[in-house]
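The two complexes that follow have chain A in common; it is paired with chain B in the first and with chain C in the second.
Our next item is the complex of A and B:
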């Protein structure tokens, strides 16, 4: 005779050691005698550090004061954040004229709006967004930041940038609402969907020319007040230097990497030695070289300002590190890809531009983000040669009469800003890395 | 039956290649190379001609002769004899180079030890310890080194007590003193017979080496493990100290003592050195910790499980199975980190530590010009060091590759 249960026996609850907090603590904190001691010592260290920072930085700190004396009157043991708060605008914008600060913010906002569609799904033509931001945005931003009289070239570039930006925004709308790119939408708007390719192209070109003319005439009507570069400073200057640095060193880095892998010995030797020389010396020596030797390199009567010298130096320096990233990306592409491209008759540049680079760039994105983090941190070095970037501004707080000798708080504030920016970027790049490597495991 | 193909019938007529000058691969390759070489050569010539013109215009003389002329300024921190007004700019270069090498060397050792420690803590099974190590790494990796250096210098080492209120780190023996002028420490004065103690130490080390070799041989032959830790320790400690006492303790200490407003005797390190040392060590320890962690994680988990299965203790699993396999992945990034340490030591210029950049590239250049020569010398110095370090890396990689099957 057998007894068979008709019903399923209810699940037993998992043991307490697996679900409760106590069980977790036993497993992760107090698994052995040695571990328990380690936990207690670490807890003590954490407590000392955190409570010390809390008391100094928040509990005993002074946030509102006119000068350092008042801070001391308020509390002797706490931080004096009032000085940092008083210098907020200086830390972020340097000595940029206060009534013109909107231009800096507007420039930043434009960049964010311009780039944002890259992360929005279902947006068509992302490559064009990327190209337009590299090609046009620097000129628009450059004019926004420095202002003054527009030369003919600047007028053309600014108009181009405005059109590219508007087209970009409209493209997002049409792709999200109609599910087609802006050009397709325009063609269907004029009922030309069935027309020949040539007449479609002419239509788009016509729309471009007309809108360009309109914008061009519109922009001749206004101009912005000039702001000398010496007034630039703070976080704004840091971002300008590192932004230009990363954007310009990318193409240069690609060429250097291709040169290093080239089969032509002269090209190979030249690129390799250029890369290795700049990689083996510290950035500060390159900056000193730029400020002392660039004036000697220039033909007589031609003077580069210090900002341009510094940016050139940073581009040259960073391009070499970028080249190594690109090389690593190129090496990750199987040889079959280039062989396949050769077989279907593509030339060297066709192979690189259409087959290898698009794949390699995808691999390189996390590394490029890492490179940008490094560059952003390295940009603080320009304060050594006398530019007032964020670190330069932070250090001048202690020389300002009301806040004389206030060193620690500004530096810690700067460190916190950098930590937030760099940490979130590195988290993002790690996330990208996981995402991209998951995409590769078909 | 196998037919052997007749050679004569099998000859193919090669299609006659028409020689097209513009399509020929070799012609194109030569052309492109000439083009590149020409462009670069023209650029160099253009820059050089501008430079000579500018130098002539400003009446500046060139050449490396300035190294022999007398330097008029003094340096705070020097390890070689130098008197301002007597020493030359070559001496200044030497002081700077030695100071750079000194700070880099000490920082490399400290950061490597600390980095290994933190990297292993990162993998600790203790949740709290692992998280604290993670916080350490992330905080110091994601803030600029220059801010850290300036903070340690202005915020910590310059705010230490004044000379009168010196902190004694050696529990009252005044061997190790810290104040806002730096770290003062006693230096040993060796007596006549001290070489005997040194000899005894050397003998003990050789003895331990042979002990170890014999123990390993025994283990290879019979599998029996001999305990050699205690005898080795005894040999290393007892033999030299016995000699030391028998020869009548031929060692004295030059203790720094307060005379007037400053300490005399012993040796000292300036606050800028300490600030640079601490910040470089911590910053690079955070980088090395990540390399160590990644290296250890790269070892297949099956290795650990198999080692545990054959009965090795957890400590032995780490030291005999995991670490030896992780080393090839750990060492290359650490060595390139050493190179970064040397390069980053140039940030000394921000806090006035007398390294090669601040003494030579800044002060000397400001005093006598010669920008081209000074920049070239300084860069050559760093390039030499990085060549040596990458040479080390290559040697290591070769050795590892030989072991690999």
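Our next item is the complex of A and C:
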């Protein structure tokens, strides 16, 4: 006689208290008398807040009106979003000529298209994409945004940028469809796959030169209307300042950090004093110094573009913070790493570039992104020195005759925009951390 | 020894730099003409005087002065770069040559006129400090403000005037200071203070935007004199003349009844020699200024006369802030105001 069951006992369904919402609520919200009271009080506070915001911001709010008086006629207590909506162009593009706004949008779109392949799987030659963005995009965007006469240098850079962009897009196509990079595809197209390296290289060079010549002659035919930088503003200006600031302060910070750790006394002293001086001074002081004091020392009639002064000030200021972040990362790398790199014969730059930096930067991602977010928010200080960045524009709404006194709604709108941008940056950094540390979960 | 050489060099450089700053700008007109546009300085947007509209264009009665000078020099009011400069930097930016002209609600005072290297031009707006109170508070006279809390924006002469006024009359007013006039007004509206003080033009403009304007009123007392005037760098008489007479041309045109709409007709048909002279149909008034004879015609054609601009930006126009002109200091002298231009002949 056997008492062994041949079949597995069927799983019993979990008790109701584990699966139902009621069970969850009982466990988490109403587990004791005290907790129940807490829950009810909290719910009441949440209700008051949310309903207050809802009534003010949506239910009683005015979205379409000619001026603030009409908003008041609609409701004395509701929000007046009509003013913010009326000022959308100013908030996003500043005083940029309205019929040229497409250039700003197009410039932004180009950057997105250019960078997007970096995140698409199976695309070959991502390093080249990265390099081409850094090398060419600033010039193309700079010309798109400011327009005017193209000097020879600008013509070359703009042509280069156009070629690089087209090559980038074609490369995505060939990578996804044929599974080979654009250069490999070209070589096989001309049936040179078995030719020597040298003739393959010549072929690529030839294609590049011919297309460059074609683009160069094509682009001499057109030019864009000039837009002076004083017309830049709004979100666009904020993104330009912080974008350039982020892109330039990162490498500068890395060099400053290396300089501070250097064994060469001059480099070390210079880097250290530079970092300490700029770090000990508030950003607003640096900005005032750059914009008011600087012109006094320049020759008569010489007026350096204020935007350039501001961007330089922000880069220098932020590079110091970046340098200290990077230095912290460098110190976290055990000495054995650089010693090991030396034993296999790597030079100083090889050690730093291939072994130390990648590890150090990876450790410091949260700090570095935190720094970027800080920089983005710091750029609003430029509104104090008279540039109309997004904050400057938002504050100007309350001075415009139809909307006099309308100041809460614009600032809340600005807060929402900043939250969206900063929160997505921090989310992305979290994603990067997880992705890069996939191999070494501690 | 070495250090000494260094110090000497530095001092020398500093001296050179300061010389360059003080003596360099004798010929603003040449510089402006060569550059091809006028750099005119305003401040952070201020209702009525200089603001941005939702299309990103500057407008206001001080901007009109900028446009008038640009019209006088170039015959084109768009050859103009409006610079928005902070209060702290305003006089530096004029002194170091960044701006050619300052047209931004700056009060003309003796110490500013003598110590900052500026020359003030004829005022284009006469303002004065006042109080706004709630009608139901029963206050009808500033002397009733005993022990009151008064909201005021900080860092301007407004705050000092209030303190002086309180001391003089032994009122014991406590100042509640703010950085931003919007927050000041919100506090007042929510009962945080009994009165608001500011320049009367600003008070009137802000009051018009209160939820129920009829619940508030501006007290008749005026605490201070605030003649708001454009300014230029010192020691450039030619440029000062151009700006001065551009302001006068606006006022004179109103007095003579020349408007933006009828300026062409007046130039062709008027029998009044004063009108013909100012519009360049007779005589050579522009010569003395270093401008062509159409300079004043261009101002009126492009910008309009003083009264038209007042109505547009300060008065009841669509972009105005609703401050009555009648009976105020800003009426023409013929109507009992202070707007008076020397004859243009």
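Here is the rule we use: the second predicted complex is superposed on the first by the 396 of 442 C-alpha atoms of A that agree within 3 Å, B and C clash if a C-alpha of one lies under 4 Å from a C-alpha of the other, contacts with A are read in each partner's own complex, and residues count from 1 in each chain.
Criterion: a residue touches a chain if its C-beta (ideal position, glycine included) is under 8 Å from a C-beta of that chain, and two chains touch if they have at least 3 such contacts.
Just so it is clear, the model here is predicted, and its values are computed rather than measured.
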{"item": "Combined model on chain A: chain C and chain B, fit or clash", "value": "clash"}
{"item": "Touched partner set for A:76, first chain B, second chain C, both or neither", "value": "second"}
{"item": "Which superposed partner A:96 touches (first chain B, second chain C, both, neither)", "value": "second"}
{"item": "Contacts of A:267 with chain B and chain C, given as first, second, both or neither", "value": "first"}
{"item": "First, second, both or neither for A:292, with chain B first and chain C second", "value": "both"}
{"item": "Touching partner for A:391 - first (chain B), second (chain C), both, neither", "value": "first"}
{"item": "Partner chain(s) touched by A:228 [first = chain B, second = chain C, both, neither]", "value": "second"}
{"item": "Chain B versus chain C as contact partner of A:407, first or second or both or neither", "value": "both"}
{"item": "Which of chain B and chain C A:87 touches, first, second, both or neither", "value": "second"}
{"item": "Residue range of chain B overlapping chain C upon superposition on chain A, of 56-64, 128-136 or 308-316", "value": "56-64"}
{"item": "Shared chain A contacts, counted only where both chain B and chain C touch the same residue", "value": "288, 292, 295-297, 299-300, 384, 395, 398, 407-408"}
{"item": "Parts of chain B lying in touch with chain A, wherever the complex brings them together", "value": "29, 32-34, 36-37, 40, 47, 50-51, 53-55, 57, 124-129, 132, 138-139, 141-148, 150-151, 154-155, 339, 343-344, 346-347, 349-350, 357, 361-362, 365, 371-372, 375, 378-379, 382-383, 386-387"}
{"item": "Interface residues, chain A side, partner chain B - complex", "value": "28-29, 31, 35, 38-39, 42-43, 45-46, 263-267, 270, 277, 279-285, 288-289, 292-293, 295-300, 373, 377-378, 380-381, 383-384, 391, 394-395, 398, 407-408, 411-412, 414-415, 418-419, 422-423, 426"}
{"item": "Of all residues in chain C, those that touch chain A in their complex", "value": "17, 20-21, 24-25, 31, 44-48, 51-57, 81, 83-86, 88-89, 92-93, 96-98, 180, 182-183, 185-186, 205-206, 208-212, 313, 318-321"}
{"item": "List of chain A residues in touch with chain C within their complex", "value": "68-69, 72, 76, 86-87, 89-90, 93-96, 98, 228, 230-231, 233, 288, 291-292, 295-297, 299-301, 303, 384-386, 388, 392-393, 395-396, 398-402, 404-408"}
